[in-house]
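Note that chain A is present in both complexes that follow, paired respectively with chain B and with chain C.
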Partner chain A sequence: MKAQQRIQRLLSPLLQPFIAIFIGLLTGAIAISIVGAPILETYKELWMGAFGNFYFMTSTFARATPILIIGLGVSLAFRAGVFNLGAEGQMVLGAVSAALAALYVPGPGIVKILSALIAGITVAGLWSLLAGWMETKFKVQLLISTLLLNYVAVLFASFLVSEPFQDRSGSAALAQTPMLEQAAWLPKLFAGMSLHWGFIIGVILAIVMYFIFKLTSVGYEVKMLGLNPYFASYGGVNKTKVLLASMFISGGLAGLAGTVEVLGTQYRFVDGALTGPGFAWTGMMATLLANSHPLGTAVTAIFLAALETGAMGLERNTDVPLEIASVIKSVLILLISAKISFNWWKRMKKGRDKNGMV
Partner chain B sequence: MEWFDAALLSSTIRMVAPILLAALGGAICARVGIFNVGLEGLILIGAFSAIVGNYFTGSVFLAVCFAAGVSMIFSLLFGYLSIHLQANAIVVGLGINFLALGLTTFGLRAIFDVKGAFYDKDMTGLPKIDIPLVKDIPFLGEVLSGHSALVYLSFILAILLFFFLYRTVMGFRVLAVGMNKVAANSIGLKTNSLQYLAVLMCGILCGMAGAQLSLGQVTMFTEGMTAGRGFIALVATMLGQSHPIGIIGSSFLFGLMDALSVRLQGFSMPTQFTAMLPYVITIIAMFFLKDRGAASQMSEQQSSR
Partner chain C sequence: MSIRLEMRKMTKQYGDFLANEDISFTLNAGEVHAIVGENGAGKTTLMRMLYGMEPPTSGQIYLDGEPVSFDGPNDAISHGIGMVHQHFMLFSDFTAAENVVIGHEPKKAGFFRRKDAIDTVNKLAGQYQIQVRPNVKVADASVGEQQRIEILKVLYQGANIIILDEPTAVLTPIEVKGLLKNIKNLAEQGKSVILITHKLREVMEVADRVTVLRNGKVTGSVNKEETTADELAKLMVGRELQTISDRIQLNGNSLLEVNELTIKEKQEKPLLDRISLSVRRGEIVGIAGVSGNGQSELLQAISGLRKVNGGKVLIDGKDVTNQSVADIRLAGLSHIPEDRYLWGAAKQATVEETGLMGYQNKPDYNNKSILLKKQFRSLLSSWIKKFEIKTTSINEQAGNLSGGNLQKLIVSRELGQETPLLLAAEPTRGVDIGAMEYIHEALLQKRNNGDGILLISSELTEILTLSDRILVIYEGKIVGELTREEATEEKISILMAGGSKQ
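Right after this comes the complex of A and B.
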């Protein structure tokens, strides 16, 4: 009995994500059979598209990069109990400022890269801080204000690249900045692959954040505030300060995600190129799936990115539409949100105790 | 081109309808203490199933019923997760939004085999109804007459909801649940059932909002066609302080902004700023509303995990 309990305690945190992923894939299987494709073959294609060879695998990691960095930022905010839904706007504003900094700051490549990073992080952080300031000063609900500021930021960035800073060199007037010069590009990790240094930055950040939460008093204060704000303020945690700081950092990280995407993948800011793939929302999902754990976020970010790149491969090779990935993803998020498996498991156990059967 | 005329008001009323319907749904949920962020997704599902219903049955009435039904099923899912399993309603709502976006684009491919948008010239939209006497009045006639039945229904429903909430026993019980669920439970109210009732009503309303969106003006479905209207409806709920009559006012404001930003595109202003207008105004409005009506959500909002 004792051993059984110990095993249960060891496995119960793992059980929940695994059951959720299982049900998610099951739902995917239903969707696949609706379009009339063979289920196992389709899932094999999905796997091959994500990890089939070295090239696909690095593409998956490249795709995971912005998701991971945004996820880390959001996980910090969620840990502090701050509902920052504004990652999308923060990412886009950061990306456009980084692109402009890399274009117009004079100097060698390294200066351009650094100034782009600084500009991307600070602008996005300040934008995020605006929502935090409105919450603490005027009690404007963070949840709503961050959501609304998304639209404002995305539209403003779209204005910047379609009017004053538009690339007029090409024949077609696309809403994008001119191409950055090659010295300002983030170097690739492997020649010919899309994976760039941003991924390393993301992984290092995840590890650093893990240790900050685990070892430092700052991490403890943030965690305490998230778990029980009243207890935290009783214990002398300055709620306003932590809220503003976590808003700035989570916004700054979202901006960093946009920045590395511009410097490492697109080499210019293209209107809609960051919002289209839904990096911000996927990053949030990664955090929720990982229950705001930094290292867990890294794993879930890669998992979600793999679903996306795998689905692209799926669409290339089969008739199954790409959107199968978003169906699986959203089922996952619903299951995780409900902690369905866990509650179900508890209820079943309780029922057994009461009735002595079932 | 004039920037203000009867046509502007007429298009305002048309744009108010989906926002108003969804905002009423959000209000009922807010009244039982559930903050429904999933309005956007529920409307999207409604819009898509309205087109599906229309395509396969050929009847506009059945299409609207189908839309309301399907949205109701998804709101039931929302209710099950947030009421029964006590998940964070905000996270569930966001999940519903993702699910709606994924399922509708997937459905576009699976059912109609198209990507992006579906349009069929044989489909008929909601018929326009001319009000007999009113349509002959010069200015008013142009503004008020010639809308779809759902537009009129949305205003009627707002008034009905007002009477339901403030003039019936059931309505009072619903309000009691929102004010204090534990207290309401202690006097023997079936709080969970009342919450389910509210969530289901919200689903039906969002389904109708979606039907108005996809069948009202243009008879087509485009990927993510709600374009933030669900969130605007959510804010309209808060601006109207979850009171049906207040919501008519706030929805009208947002509808006017919507219509205005379309209208102003005709002038040389960059379209981004006109499109930004509703959101900026909403943010400014939030300063004046801060802790009324929305107060009950403040505590819930802070607990994310």
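Right after this comes the complex of A and C.
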């Protein structure tokens, strides 16, 4: 009985995302049948494309890596009750800082890797902290400021690699930094596969965050602040401090995601290579889908990455277009929005009920 | 007297839960019939069924002997049933007259006849002796006047049966007197009034008959002449009430010193105007006042939730003015907040998480940032046992607890801090009599142990029962101080309304 309850409690946060994913796949099935392709066959191809063999599976995990790390950062902010919509800018700024650190800090490879990690996390963290500071100092809404700061960060990074730090070694003159020396690369987990150590970092972070929320006083205070800021400050939680720390860490994680992409996959900062695939927004979606649960975010991040890699395989092998992944993703976004609106509506209704009789 | 309304064997079932069970109720013409009961006794459900907001599971309503059923409030209104809700449903930018006639405006050629509306309101107001200024904007009217506007609205809509839901909860003592007089007038002119309340004194003053509900059932239906407030309380609670502990006279030294405390926002008149007060060990100091006269600001200033512009707060000799909440708590303050859902808990947090607030950084429950949950759980279960907090488990959501049980959890959490000073704001607001007894007893015991309590309450009875000294706050100032011996409801009421001590 006790064990059963335990398992139930452990699995209950996963129930909603599974239902959402199920509905998403169901809708996808309708789209597939409209195209005229066999549904089960198509989904099998999708699955094969994502997990069909060791190479595909590791590619999926590699793609999931930045999504997962960003998702964790966003989930921390959401738990603390702050809307950090600036993951994209934070990631890009972190990535460009990391690339420059790895290029220009002198020393052996490990020193370059460490300084890149520190630079990527710190710069992105401070960028995010700027929005937090504006909120506490001038009451500039985080929702707006984080979103707008994305443009500043992305365009500034783009300027950096198209002017002062552009790679001029080749003749193509693309907007990118020169390539990092090989010693500064994050090692691959398996030879010949794209999966690198960033994935392990992400998984460890997810587990650490899970235990921080479950076991520590800091996690408790963050959670209470997110659930009811008045209650938290009444109980002696320093709202400003927790908010700023959450913003720094949340942004720092986005920066880390950008850093491991640079050090582990691209080996240079390429303008548009991080914004193009929409890692930041997919990461946010992973968090929302998992209700800000760290372990759940790991699962949904892998799922969303699999949807993308799987769809690529699908397009290679069948007539079903790549966009089927977007259809499924859109349904998930709809469901998430519906959930948020429903909660909001329920709160409004409750507020009205409270005004009735007691 | 003819029976105007009869509800026969009304039952309402939600899942397994019987909110109302076989409730029968009659209402005569020209009668005031009070329905009393603790929170959750089923008063709300019964009225929702009568007002067409909920269909009954079984049972039948008769109006003037005819069986009726209502599809919604509008249906009920058209049958002559009107309800004045606890929270008024008025448009605050419109005048009294406009609010009264809303929905059935006097019109001529499609144009609103404001003058007719004003005349109608004046006529109704004169007929039932209900004082309302027809041209006053609702936003500028006092709470009492807003309530009178609501009553006129119901009368204008042609109600013969008027349901008043906890009408005195928001009023000052003087306004309460006026309302009770209005109710009597209405009854004398043939209207029937259903008065929902848990204040027995008002029931004894104005009702003709009283129906008592407990756990969804009728535990008594009696004529006012044949009962007493004590008997009604017994029917409500289901047992004899305890008598409260004796007070041990203690002359402790000063614990809380508030000097010339001022909170001022730009240009406006100060929210707190040079307030000075002190609380000694072994003393309960009560602050009486109509809500909104600076009580919230005072609480927030003392507990560190709000910065002050001037003055000092000392706890046990230590200056804590404008310090952080955590530091002030450390200096020896615990705090039962005035609004349990806003300040005292997070609805989606568990019972355990709600109880943990304020303990998360204490060395007994925190080892290098790791929460010692086992130790805390044994403390929590001792509270649950001692205060008889009803919860299915410590993982239950705090928002699912009943108001009284959540309040008991908050009170035990703050008492469990064992600080020398306690701020107790509205400690029993909205809780039932049983929980109220517990809380009052616990506060007195804390006082008898030599701790100091600053009690803020808008319930005069509570202030009079518990306080050793009573201060009255009005428009951000302390306007009077009375000892326990000299304090009477009369004297306090006058001060509360801004009158002088004489």
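Details
We take it that the second predicted complex is superposed on the first by the 321 of 358 C-alpha atoms of A that agree within 3 Å, B and C clash if a C-alpha of one lies under 4 Å from a C-alpha of the other, contacts with A are read in each partner's own complex, and residues count from 1 in each chain.
Rule of thumb we're sticking to: contacts are C-beta pairs under 8 Å (C-beta built on N, C-alpha and C of every residue); 3 or more make two chains touch, one makes a residue touch a chain.
Just so we're clear, the structure is a prediction, and the values are computed from it rather than from any experiment.
In the superposed model, A:K223 makes contact with chain C only, not with chain B.
In the superposition on chain A, A:S75 contacts neither chain B nor chain C. Legend: residue contacts after superposition of the two complexes on their common chain; A:S337 is shown touching chain B, with no touch to chain C. By the touch criterion defined above, A:T259 reaches neither chain B nor chain C.
Touched residues of chain A were counted for both chain B and chain C, and B has more of them.
Shared-chain residue A:T275: touches no atom of chain B or chain C. Residue contacts after overlaying the shared chain place A:F231 against chain C, while chain B stays out of touching range. Residue contacts after overlaying the shared chain place A:S59 against neither chain B nor chain C.
Across the two superposed structures, the residue set of chain A contacted by chain B and also by chain C is 227.
The part of chain A that touches chain B in the complex is made up of residues 31, 34-35, 78-79, 81-83, 85, 134, 138-145, 147-149, 151-152, 155-156, 158-159, 162-163, 226-227, 229, 281, 284-285, 288, 291-292, 321, 323-327, 329-331, 333-334, 337-340, 343. On chain C, the positions that touch chain A within their shared complex are 39, 43-44, 47-48, 85-87, 165-166, 196, 303, 305, 324-326, 329, 335, 337, 342-349, 353, 356-358, 360-361, 366, 369-371, 373, 395, 403, 430.
Of all residues in chain A, those touching chain C in their complex are 9, 215-218, 220-221, 223-224, 227-228, 230-238, 355-358. Of all residues in chain B, those touching chain A in their complex are 77, 81, 85-88, 90-92, 94-96, 98-99, 101-103, 105-106, 109-110, 115, 228, 231, 234-235, 238, 270, 272-273, 275-276, 279-280, 282-283, 286-287, 290-291, 294, 297-298, 301-305.
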